[in-house]
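Right, one structure below, let's go through it.
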Amino acid sequence: MAAPNAQDLRQLYRHLYLTRALEERLERLVDQGHIAGDLCRCLGQEAIAVGSAWALEPGDWLAPSIRDLGALLVRGLEPREMLLQYMARTGSPCAGKDDANHFTDRERGLLGPIGPLGTQLCVLNGVALAFKARGERQVCMTYQGDGETRTGASHEGLAFAAALRLPMVVVIESNQWAFSTRSHREAAIDEWTDVARGYGVPAIQADGNDVIAVFEAAREAVARARSGLGLTLIVAETYRMLGHSQHDPQAYVPPEELEEWRARDPIDRFESYLLDRHETADGLARIRSVIDSRLDQAVDQALAEPLPEPETALGHVYAAPEVEPAPWTRGAPVGYPDVATSIVPTRMEPPRSL
Amino acid sequence: MAAPNAQDLRQLYRHLYLTRALEERLERLVDQGHIAGDLCRCLGQEAIAVGSAWALEPGDWLAPSIRDLGALLVRGLEPREMLLQYMARTGSPCAGKDDANHFTDRERGLLGPIGPLGTQLCVLNGVALAFKARGERQVCMTYQGDGETRTGASHEGLAFAAALRLPMVVVIESNQWAFSTRSHREAAIDEWTDVARGYGVPAIQADGNDVIAVFEAAREAVARARSGLGLTLIVAETYRMLGHSQHDPQAYVPPEELEEWRARDPIDRFESYLLDRHETADGLARIRSVIDSRLDQAVDQALAEPLPEPETALGHVYAAPEVEPAPWTRGAPVGYPDVATSIVPTRMEPPRSL
Amino acid sequence: MKETTYLEAIREALWEEMKTDESVFILGEDIGTYGGAFKITEGFLKEFGPDRVIDTPISEAAIVGAAIGAAHMGFKPVAEMQFIDFIAPAFDMIVNFAAKVRYRTGVGAGLVIRGPCGGGARAGPFHSQNVESYFANVPGLKMVAPATARDAKGLLRAAIRDPDPVLYFEHKFLYRRIKEELPTDEEILVPIGEARTHRPGNDLTLITYGAPLYKAEEAAERVAEEDGAQIEVIDLRSLRPLDIETLVESVRRTHRALIVHEAPRFGGFAGEITAQLCEEAFEWLDAPIRRVTAIDTPVPYSPPLEDYHLPQMEDIVTAARWLLSY
Amino acid sequence: MKETTYLEAIREALWEEMKTDESVFILGEDIGTYGGAFKITEGFLKEFGPDRVIDTPISEAAIVGAAIGAAHMGFKPVAEMQFIDFIAPAFDMIVNFAAKVRYRTGVGAGLVIRGPCGGGARAGPFHSQNVESYFANVPGLKMVAPATARDAKGLLRAAIRDPDPVLYFEHKFLYRRIKEELPTDEEILVPIGEARTHRPGNDLTLITYGAPLYKAEEAAERVAEEDGAQIEVIDLRSLRPLDIETLVESVRRTHRALIVHEAPRFGGFAGEITAQLCEEAFEWLDAPIRRVTAIDTPVPYSPPLEDYHLPQMEDIVTAARWLLSY
């Protein structure tokens, strides 16, 4: 895959901005009570997902972590789908049965993560195994938080991919924090590239706030995977600019660190990079306003979508037949909140999930 | 702890020989049908367990892997106990409820492993945590097979010990095989010391067939742990000279490799080391014959011990009270083999467990 | 007396036990600096220091393993699972190590594993599960599931003092919704293995635990008002050991039994209760033992789907009426 | 016809499915070079090559994970657990990923996880467990436990072709002890979800699965000879889905039910069977549903202890007589 041309650069910019602008809409929808679930933002980390996914080709598979909205957009996800997903409406990728980016799409080669960390790499290994068995040249790319690398599943997944020389690229998002815990304290290591040593695979260090640097690292790693050389780790240094999720004001984060990293904002940096070249401030402003108005439209459309029919909760546990509800367990559509005489408040407070 | 004097060296020799001679007795007892369970021998690896355990002090804890009989003997286990354990007799460390080295002894600081690999390190971490919390200077030592390092539990245990700077020494027994699988193929790494890099801790490479070399490495690692510097990995290179267990003729092992390693037998090597110094062939022969006759006595005593009373199967599931057998589930002492009219043969074939 | 939420009750039991017993300590993810995802251990790090309030890496197996080892050394560890769903990666460590170690070696592991369970919080399939059945067939474990603030406090205290491994399931839906006046002077201690008659009655025995208790109570009130029948609502509190005596006494008196739990139906805990009641009270039964549970699916995220998945008050009323008119 | 052991039947089903369907492959520890700890896949590597017979690192979670991903891609993976006890480290992957993925995303995971279960082999607490109850409350999973060579072959074939995740429990005690004449010309396929009446009778319904089937059969013969009563022995074969229709038909006819399984009693699979029978056949019951199971302890190693732990033929006879004379 060639170096990005002017056209590509503009696309990269679009996706970086789209990622941030979409998450801002999602945050507003949470505040307005339209999203019952939780939201984990990737503010300040957009370049990692966008730059890495940009190195993939059609037919490749990608498994995002919770902070890789940008990668999904690069791989063809419609903002509308993401809005419906979070708002749990009919026609959302999970038909309301799961939230966030927990959906899998064989056509677009997207594998959704699940709650327990470290697991999606193990499953993506199977996709890579399939490519290998069929002699296809497709590759797989996935992401792990720095804290996530401490899970047993992450280790088994990396060791398995390394031992079987699977066409796999794993991007470690070194954003300095695992929820409220200093990742370096958690991991007792300073050089994240050292993690790769334990698996006998190469690692590439990349500035996670420089979309071009991430893309270059990913391009190299993808090329290795495609040519049968197996797993490469990419360690992308960055910083989590907001709390772990909507429920975390991150009081534990030193303001000066945020200051320091705000100066390295990946979108600001890429803007000046573009302005130093062929782009104009007006040009970029036009790109942003197009995206903004499209997103506002998408939000209005999504809000108009209905919630799924209660009975659809029964579907697709097995290929066939549908589950039959046992007597009296068909749960009336009204739940706790609407039971007026209930000992619980009639309005749901937002869930405190992570 | 000081370098071994003549006295220590003779003790090391005793334990090396005792380990091998005891396992030979156990193997015979398996063949004679006195041991229902399985046996994993450490032939050719004796120096690792003996040399490393020798670096510990009273009050330290040790958690052996299945091939560390020598470490248990160094830490005060009586051969008689081991015989009773394998033969599942009354008065065995597990009172017949578990086999092999699966016993825990708080007095002697021994923590038994369980079937699932990688787990005992995680538990030993808790012992180290207790030392640390109490400000005690004791340390913990445990062992992992090279294949075992691929388990999620092993990774979580190492990462946890590293992150919390626990007084821990982990000896990786690099015996080239994980059952029938080439460990290097399984792990895709050549330098096992690299594993330590992923946890930000130091590793020491040691010739696993040289008891003095292992001891020196252990002494250094134990000193680090005792002085509060945390986890050290020791990578002991060796070779598994027999099948994985009694059921494995290891047809998959290239004879020339066995030849090559037989020449490095840790006991032969240590004998010539001693003969080059102050010991005589007669002296060593006398040591061996004393051990042999003691062991033969121990075997006869153990064989005289009864099997446990069936009802004792009920005891100690909880601290109190004892489990009461439900109606008709008090299992008559006669089992499958003795049920004459059974469709199953009246003699048990040996179990095929690992 | 002091008004105490279910969450505060848990927090107080932990705090007081740590105050009075040096050997009690807590470990888990983000329980120190952050005070826990639900803020149960907020302020603990400051009060008890990093040796007794241990922030760990994301590694549930290592967390439980360390708790076992520390218990061997005489400590009383309380391990937090950020969500009880994440007990799954520690399954091996719990089932094969913690549960079996006393039986195998004579050395016990008195530890507590606690975490938020249950649905209704719009938290999706991985932050809403009820996991008791995964562990029900594992000898060596104890399991408790408090529904009131008093029981939350008293059972956690008992669990910490228990010499065996106890799984403590706290229902996240109740954290801030349940309040109760609790005495500040006396020590609240609820023995493990004793059920509680939440509402007396002689016409039907309704057996439940955790959050559904309140739907059961509501249903009982409704049936009392509209049908004049008195449902005896029994809150199990402890799942293992199971207080079968209390259940049998009640069922022999009411001749009818309805079991309600929030976990899915097939393979759910109602099975064991039914089996034991069938063994001990068969001759006294005037109607089949029935159960109201979640449907046999994962816990869906979208509110109408989750409400449909979970057992609801109306379902209990319907089931109760069916049994009463049997 | 050809005399086939239980073990050979498993081996043949695997072999034949791999022969006829390119998308079937196997993965696990030591299944290639070594042919599996019990030699079930001996010769497979030579015949099918390393792309379809994959020796993996010691990492059960990674094994199951890879099986899920490959299933997403249209493959039919069969993952071996060297002993079914070692399914525990893969618990999270099975319960939270494999079981829920179709429901959550619409993309299924048709895979098989198989391994030797059960006691009687003097293999101690970690190589003797029966794990079905750990997974019984997990919607999305199927579970089978064959007791005969024919069912071992037919159910494995059905499991491999099934579009959903199937846990296949093979009882190690039967591997070489059970033989049966099997046709070599016809394809043996046993549908998942259908129980089998192993021995007809009208006086008592005995429900079991796995190795205890043979103790049940013996007990039935004994009771027939000595008491002249005919016990109907039903081999469940499939645990989930459960063939409740067959059980209900039988119990409504015999009016008595006895459930026998090798797993411990509390929280065992007998609970779900009892609950469903109670719901569907209560009016026809002339006696309480009873169960004969292992005692509530881990599986001890020493022969007299293990024999005491496991349900024995004599226990079944005693229980049957109690029920018949009720």
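Labels A, B, C and D are assigned to the chains in the order they are written; within every chain, residues are numbered from 1.
By our rule, a residue touches a chain if its C-beta (ideal position, glycine included) is under 8 Å from a C-beta of that chain, and two chains touch if they have at least 3 such contacts.
Being a predicted model, the structure only gives us computed values, none of them experimental.
In this structure, the chain pairs B-C and B-D differ in their number of contacting C-beta pairs, and the larger number is found at B-D.
When chain centres are defined as mean Cα coordinates, A lies farthest from subunit B.
In this assembly, the C-alpha centroid of subunit A lies 34 Å from the C-alpha centroid of subunit C.
Averaged C-alpha coordinates give centres for subunit B and subunit C that are 40 Å from one another. Multi-chain contact residues of subunit C (touching two or more other chains): 57, 59, 61, 85, 88-89, 92, 96, 100, 103-104, 125-126, 139-140, 290-291, 296-298, 300.
Annotation for subunit B: residues touching 2 or more other chains are 94, 97-98, 102, 114-116, 150-153, 156, 159-160, 163, 186-187, 317, 323.
Residues 85, 88-89, 91-92, 95-96, 99-100, 103-104, 125-126, 133-140, 240, 242, 263-264, 266-275, 278-279, 282-283, 285, 287-291, 296-298, 300 of subunit C touch subunit D in their complex. Of all residues in subunit A, those touching subunit D in their complex are 93-95, 97-98, 102-106, 111-112, 114-116, 119, 121-130, 132-133, 152-153, 156-157, 159-160, 163-164, 315-319, 323. Interface residues of subunit D facing subunit A in the complex, by the touch rule stated above, are 25, 51-52, 54, 56-57, 59-75, 77, 89, 92-93, 96-97, 100-108, 110, 139-140, 142, 163-164.
Remark: subunit A residues 36-38, 88-89, 94, 96-100, 102, 114-117, 147-148, 150-153, 178-181, 186-187, 248, 252, 307-314, 317, 323, 325-336, 339, 341-345, 348-349, 351-354 touch subunit C in the complex. Taken in their complex, subunit D has these residues touching subunit B: 29-30, 33-34, 37-38, 55, 57-59, 61, 82-83, 85-86, 88-89, 120-127, 172-173, 175-178, 214-215, 217-218, 265, 290, 292-298, 300-316, 318-319, 322.
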